[in-house]
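First chain A sits with chain B, and in the next complex the same chain sits with chain C.
For the complex of A and B:
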């Protein structure tokens, strides 16, 4: 039997109990609020203190680092003055230099960081992947080849984030001998932007180019790895890779290459930047590829490597390709090879692409 | 009558418990997310990213309408961003003030042409301009069609894989772009990323940079600082941590152009085109079974001027809520639908039941409180105790947002500013929240009456005096 209630709240408990519960609840929440406020205040005071200390230290260290880089102070003289508890801050202060210096200056920065890196290295075995990733990043930026062995082990880390950071770091401190090892772990990073990885693989230098070329041509490798290699070779401006790319793109392999449109697009990009006029005929075939982005890269490559003979082909793409991007790329290529007659003609026609031609010619005329 | 009151009470208390339980849960998740994100930031070095060749080209699209007081400072800030290869497309959406004139004179614009790359329907383009002093700055002058239409026009002229949608009265921090692009590099399935928006009122801006962060002068703007902290920590970082981000602010968000074009661009008949687009992207990508990610990250910062008058704020909130109702109804197919994953099962119900339509219950709650007290159904001590709980909970949540800010980014470095934030966390429970509820009710009512105006917000311009 439901009791006859005079107040809806009585369904829960007698009013006095309810009031007590509510007051207790609000009291707990107030206490929590006080804790948050105290935490905010404490964090604020601590942050201000840290900022003050950091500013003072950084000014001091910056001046001394510049003196060391100028050769007027021995690295050890500076590192001896850094208190142990501030090693993290000192490494932090070194990082902006590590990203911009090279050669002998880079070695000085490494010498400055060296006494503190064993502590960083200890973090490689942390349970938290983010701590391991941070340690890997510090070792890559501030360490030298002596850190490579520790970093190689991190390529097998369970966290893809750590593996990604390790690729960046090992490419910096390792050498060409690490190229194969790095390429082997790339399939785990297929979710990462290939340009992001290739910009790191470039640090392996020219000596790694033969490995990259072989991997680029190896159809047993996952397409992602081949794309990373092609992009790296392009960034390295490795002219020897042009022959390999041309060999892959040659007529006989046309059908095979269409199975890997992204690899094909990377190879066309490579040819565009490093190829020569002789590669023009090879590229033309890909202007008819089914994937629009392959046609786009082929059209763009013809802008660099094509001749006035390509006017008809590029003109056909401007007039009739289903992709607006391909038409735009082809129109720009026409301007690059100095054949603007098809565009001038198109401008006067009642054609859906007439506006495109008109827009490009106007900016060209300016 | 008694039974009706009783059931009303159950519903209201249920709503109160679920809503605040949700907030408490989100605040716990957010705390975890903030702590975790500190490590992520530690391992990311913007200078290293800048030195590499991996950064993709980006287009900043900034629609502008009658923003003569702030547009030049904002565009200067866009042009000064640390990023190796980007273009700025300012879309003048048929401004009736001197916006175009100011842009033309300041940046030496000259008429030119630029071929569009997509054909999202928009109002007609009057003229494309390019700056003679800043070749990466383009201005697209078009007939007025609303913000979504202007954004679509910008997308149509975008030639890069990614674009950043910005408000022209927003100032993006120097490292903003390098930071917001990171999730796209780390995972190619990322289709959209939102950054944090902070209140620029009270800050000193010089050469398009926030030089000195300070609390605003006016109480209404101050209250919005706490509100923005709460919204961006709980409403964004929390949902990102749960993998169910549905809101990317139109003031600062980066998108994969191809995906936006594929879903049809911004919806021009929506007044919250940012929310609607993200919901549509979720729906479209889920329905195609594509792997994708929508992210929020709190380190790319953009500063915006918030309304400093009641009428301006009321108009903005009315529009926001109207747009939210509209977007929620448009995509309610996602509601509690497992096909849409965490978005359909967690975020959508939260925003649908609690944030969008819950306002009816919230308002009813206030009314019920008065009626119940007046009729004696509710005794004064119980009312007071209940009020205390609601107040203490609201205060605890606001204070936790302030604490998270101090723990993570610590942007308000003056102690007086922090003390103000703490005080405001208490004050915003008295009047401001209720006012917001009223504006949201108005927004809901406007939606039901199909009122589609944007309303106007009077911009006073940034404080450019010396700090």
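For the complex of A and C:
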């Protein structure tokens, strides 16, 4: 007997409905997954395509920048071909060359960047600190002294990242007149390596040395600022600062040595590079300082300024100093002053530092 | 035109520096081989005879100083590129018989001239007759 069906749908029981719903749901989910997969694949292909296009564009710009720097192409001929919306990418391609060249070529780089710098300058007022920091960096690397006024205003920025970039940039495009202004900002950057800052401050040139000397000797300045100044003066090879450093070390022997060991270490580094044999007795006193890194810098300075009579003192540090770094520094200095005997003897002994002496003598003998 | 018979190896990881120097050296008639890291540079030095090796002190893989140490003095002659203010590297380089040293940033024309004079000076030195003793 056939069932009486008023509608073909009546053949489905509630269980069949559930199965149909599940099938439809699975189908929809599968379709969604396929859509997502297609989207992911499309994005990947698009991203690879964009990367390839950008790489080709960058290589093209690289070649043209080199041609412009060689004088075979006018800067304007290249800048006219750069689409306005890609100015940021062009400046990114230009920036590595700005760190490489000097003199006349540096001016060519500035000419290549000049048409785009007003747009960069507009980014100085962005709400995002990253955008401001990047703008500051671009102005410092690609701009000239005419950008200094805009950069000076950025020294008061609320973001330490922007201030740090501004110090680097203003030191490049500014002049000695900006030295005091830059030193005033340094306490905000105490988290930065002083040598990193001094490598930029050195761009201020010899004319900034008197300001640096005064700041280095100033007890009222934070130790971080004094360290930055000592490192900058060392990089500037400012021989006039040697007398100030020696005077400070003489005066600080008992007072500051415990308070500002990092300043002391910087002054010793300055003496090591620019001092003379007459500073030997002063340096020797610091070989017994409580801070190990002060002893290390004193021992290393003796490598340059010491005499064969320092063999006993340096040998004692190699054999007996509690810090392995001090021992290593003293051993290197022994080699530099030409006193190898204590190291040769140490190598043959059953001593914890015998391996250190052996390693150093190995490279010396080669 | 340069009278360079042997190629010049540019062992520089910093691409813009390598681009600039390669361009200038090629314009002067030199043949340039590039190596972006120390391992490749060492392989090139073992395989080929170079007139000069220009190496970066901070080269990845093997530094310029390590490369210099791994070859006999002036075979080939080395010109090193370092960063400004690193006196100790300069002293070490010359102690290890580097022929020349320059820092970044540099004036490309001057550095090119300094690189190209190396084989010229060396060949002059070897060709010069030993003066007779009185």
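In this text, the second predicted complex is superposed on the first by the 263 of 366 C-alpha atoms of A that agree within 3 Å, B and C clash if a C-alpha of one lies under 4 Å from a C-alpha of the other, contacts with A are read in each partner's own complex, and residues count from 1 in each chain.
In this section, a contact is a pair of C-beta atoms (placed from the backbone, for glycine too) under 8 Å apart; a residue touches a chain by one contact, two chains touch by 3 or more.
The model shown is predicted, which means the values in this text are computed figures rather than measured ones.
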item	value
Chain B or chain C, by number of chain A residues touched	B
Partner chain(s) touched by A:39 [first = chain B, second = chain C, both, neither]	first
Touched partner set for A:165, first chain B, second chain C, both or neither	first
Partner chain(s) touched by A:105 [first = chain B, second = chain C, both, neither]	second
First (chain B), second (chain C), both or neither touched by A:273	second
First (chain B), second (chain C), both or neither touched by A:235	both
Partner chain in contact with A:96 - chain B first, chain C second, else both or neither	both
Which of chain B and chain C A:66 touches, first, second, both or neither	second
First (chain B), second (chain C), both or neither touched by A:202	both
Common interface residues of chain A - those touching chain B in one complex and chain C in the other	96, 99-100, 199, 202, 235, 366
Sites on chain C touched by chain A in the complex	14-17, 19-20, 23-24, 27, 69, 84-85, 87, 104-108
Chain A partner contacts - residues on chain B that touch it in the complex	2, 5-6, 8-10, 36, 39-40, 42-43, 45, 47-48, 50-54, 56, 112-119, 184-189, 377-379, 381-382, 385-386, 388-389, 391-393, 395-396, 399-400, 402-403, 405-407, 410, 413, 415, 418, 421-422, 425
In the complex, chain A residues that touch chain C	62, 66-67, 69-70, 96-97, 99-106, 199, 202, 235, 273, 366
List of chain A residues in touch with chain B within their complex	5, 7-9, 11, 15, 18-19, 22-23, 25-27, 29-30, 32-33, 36-37, 39-41, 43-44, 47-48, 51, 95-96, 99-100, 128, 130-131, 133-134, 136-137, 141, 161, 164-165, 191-193, 195-200, 202, 235, 324-325, 328, 331, 355-356, 358-360, 362-363, 366
